[in-house]
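Listed after this line are the structures, all set down as structure tokens.
Each of the two complexes below includes chain A, the first together with chain B, the second together with chain C.
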Partner chain A sequence: MSELLTVAHLSKQFAAQPVLRDISFALNQGEVLAVLGRSGCGKTTLLKILAGLEAADAGTLHLQGQDLHPVPPNARQMVYLYQEPLLFPHLTVFENVAFGLRIRKVAKAEIDQQVSEMLDELDLRQHAQKAPNQLSGGQRQRVSFGRALIIRPRLLLLDEPFGNLDAQTRADMQQLFLRVSRQHQITSLFVTHDSREALTVGTRFGYLDQGALTSFASVAEFVQDARTAIGSELAFWESIQQTSRSSG
Partner chain B sequence: MSSKARPFRLPSPLLGLYGLLVAGLPLAGLAYALLGSVGLAGPLAAGFTGRYWQALGADSGLPYAALFSGWVALASLGISTGLALLLVLRAQPTLRRWPLPGLLYVPLLLPALVVGFYLFQFLSRAGWLARISFRLGLISRLEAFPELVQDGAGIGIILAHVLLTFPFLTLLFLAIYRESRLDDYRQLTLTLGANAGQFRRRVAVPVLLRRAAPTLLLSFIATLGAYDIPLLLGRPYPQMLSVYIATRLQRFDLRELPAAYLAGFLVAVGLLGLISVLLRLTRRVRVE
Partner chain C sequence: MRSRLLAFLLILLFGLPFGLLGLLAVGEGWRFPAALPPVYSLNVFRSLLAADNDLLAGLGRSLLLAGTVAVAATAGGFVLARAIARSRRAARLEAASYLPYALPPVLLAVLIQPFIIRLHLSGSVGGVLLGLLLVALPFATLLLGSFWSGQTTEYEHLARTLGCTPRQALRQVLLPLAWPRLRTALVQTFLLSWFDFGLTNVLSVGKVRTLTVQVFTYVGEANAPLAAVASLLLVLPPAVLLLVNKSALLRKP
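Here is the complex of A and B:
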């Protein structure tokens, strides 16, 4: 696999408070790096620096060998997805998805075809002419995905994108994300505070704690690390199972 | 026993009084104006007649006043909206810097008449600006100073309304910008490949205008029916609607009253119709 993103010795502080400390990692084409971390651990700052929306104090970023430092956010082809879908309220579902193509002045026929295909893929065809406020939470998040995917981003940056959804919709969206990212060979950095979500969507794993990133070589290492609390959660469910067996 | 708080209900007599004040009296006034225009009410009422309505076709004063008012309201609101959008979308850091946030509130505290008077003092041919220009040798005589108040195009009236309206719209757009999280949208559109101009044109301006549409509409109607500024800064001809009607109502010749009632009735009905059409349009845009 070819190396797509290389991050080296990235640091950032706000008002003398370190937010990111000497972060280094590499990401190959088609990989999904799931980064687990609690609130305030620096996840959002890391994503915003990668997207070019924040400047790092130190360190380098290279995408396919290109130094990203002088590249403005609108030329990086790296889409940053928020926890909320942030659909444009004045545009229909179709126009929301078409946004990235319209600003690139793609021909109308081409836009119609690409957007229709994307809506089919995300099962949104029947909602094409609806306004965002007529959709459910899961549908809005799918439109947000479609709007990002249609410009074929080199890297997708996801900041707890399913954090506001109910458990069932969240599970559906995780499966959709898996399917779409495999199909389109999308490289992503997916930050979440939910270890189960990290294990579901990730192909590689990291843990961000007080601005320091630990990368894990395998799923087993990730699960065994006490900070991810996956071991204690497994123990909890096993104890529940044993209790239910013994009482039954 | 549960002690559930009962919702407060306005007593029926108070509700009736409120209904009478906001709907009953204006409707009664409208009915009186209609009856006056057909000779059935007023000091010289002498029975039903259609001659005031027939005379309307020969009188160009009312349509001209309506056109002039429309022009002033459109120009004032257009310039104020453009200025407010420019400030909010291009100069937000400056807007947050002292003393601008406080200064934006100052025009909101000034009565329209005071602003009109101040502009008259400042911009008329005998005003400060003309005298300063004369002293500096920019003009050879005071009469050479351009007509900026009491002019044919209503520049003075428009300027006064812009001075009063644009700070209010700036504060409104700033509040909508924050509430609609347009800064997050700006960052999102940047990562989708848009430049700052595309964000402003395709996202920020439509969102701001849609959210502010009802207020913009009310502002348009208020300017259309403005009285004190046009009275002070306008010409006897062309007049804005409210000045045109008031002038006719205040004439000594009581035989002029039915024509004034007719003008007032038509303007009130026209404005109500305009409000209902525009409200329906803004509601449709918000739903879409």
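Here is the complex of A and C:
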């Protein structure tokens, strides 16, 4: 596997308060790094620095060997997906998905073909001419995905993208993300506070706490680390199971 | 039935002054206690078509002033509101935007008059424009302030990562998102400037005769037909603006 992203000794502070402390990691092509972290741990700042929306105080970023420091956000080919789908309300579903291609001045026939294929893939064809406010939460998030994927990003940055969805839609979206990620060989940094979501979507795992990132070599290490609280959750469900068995 | 009656009464209430203005404009020799004018004539309206007609010139001047103020104040307010929202002292700066409202426009005009004279703008369209902008710009800034929320920044950031340059993000995303508010700001600042009398009267020193100033002059001279025609012309652009923006004004939040 070729190394796609290399982050070395990244630090950032706001008003003398450290937000990111000496963060280093590397990401290979097609990998999904699931970063677990609580609110205020610095995960949004990390994603914004990678996207070029914030400047780091120290450290280096390289994407396919290219120093990202002088590259503006629009030229990084990294899409930042928020918790909210943030569909453009003045555009239809079709035009939302076509947005990145129109900005890149792709030929009309090519746009029509690519957008139609993407809408088919995300099962959104019948909603193509609808306004964003006519869609459900899950459909909006799918449109947001399509809008990001169509420009073939080198890296997808996801900031708790399914955080506002109900449990069933969230599970569906996680499966959709897995399918599309594998199919398009998308490299992603997926930030979440839900350990189950991290285990579902990730191929590699990290834990961000007070601005410091711990990378895990295996799923077992990630599960066993007390800070992820996965072990205690497993123990809880096992105790429930035992109780139900003994009472039955 | 009840709502129809209410609608009829409201239309009558709002329409009556316009009907009366129309009668005053076309009626000749209308004296108390006659209920209606004895003779009707379109002479006053015909005189509007004369090349040197003062009312039409006033209408043009008012349109030019109010239109320029609306565009400049809305554009400036959009930029200023963004700068305030992103400033570390956003709350203080927003509070400072209310300061021009501590003074009535006419008093503001008296206070800035010495500066307008030193700038050699006294009695000119430029001087009146500057004075009106001092009132309209903070108003537009406050009106557009709520647009620059955290979510707007997220939209802007998303657009940047999707490939937009800052200019493209502004044109393709921010301006379309802000358009309903921009339209409201344009209409409101236009009306603010259009109906202003006090500030314009002080700064124009009788030389820049806008339509509103002319209405007051004709009323002062007891020239009822001209005052009525000027008033009808005065309500025409706002009525058109309200009609054009009907859908936006009636939109449910």
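The working rule: the second predicted complex is superposed on the first by the 248 of 248 C-alpha atoms of A that agree within 3 Å, B and C clash if a C-alpha of one lies under 4 Å from a C-alpha of the other, contacts with A are read in each partner's own complex, and residues count from 1 in each chain.
Operating definition for what follows: a residue touches a chain if its C-beta (ideal position, glycine included) is under 8 Å from a C-beta of that chain, and two chains touch if they have at least 3 such contacts.
Predicted model only: the values in this text are computed from it and were never measured.
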Next on the checklist: Do chain B and chain C fit side by side on chain A in the superposed arrangement, or is it a clash?
Outcome noted: clash
Next on the checklist: Output check: A:131 vs chain B and chain C. Expected answer is one of first, second, both, neither. What do you get?
Outcome noted: first
Checklist entry - Where does A:53 make contact in the superposed view: on chain B (first), on chain C (second), on both, or on neither? => result both
Next on the checklist: Quick check on the superposed pair: does A:73 touch chain B, chain C, both, or neither? Answer first, second, both or neither.
Outcome noted: both
Item to check | Partner chain(s) touched by A:229 [first = chain B, second = chain C, both, neither] | outcome: neither
Next on the checklist: A:86 in the overlay: touching chain B, chain C, both, or neither? Say first, second, both or neither.
Outcome noted: both
Checklist entry - Do chain B and chain C land on any of the same chain A residues, and which? => result 48, 51-53, 72-74, 76-80, 82, 86, 88-90, 99-100, 103-104, 147-148, 151, 157
Checklist entry - Which chain C residues qualify as touching chain A in the complex? => result 151, 154-155, 157-158, 160-165, 168, 172-173, 176-177, 179
Checklist outcome for this item: Within their complex, chain A touches chain B through residues 48, 51-53, 72-80, 82, 86, 88-90, 99-100, 102-104, 131, 147-148, 151, 157
Checklist entry - For chain B, which residues count as touching chain A in their complex? => result 180-181, 184-185, 187-195, 198, 202-203, 206-207, 210, 287-288
Checklist entry - Can you name the residues of chain A that touch chain C in the complex? => result 48, 51-53, 72-74, 76-82, 84, 86, 88-90, 99-100, 103-104, 147-148, 151, 157
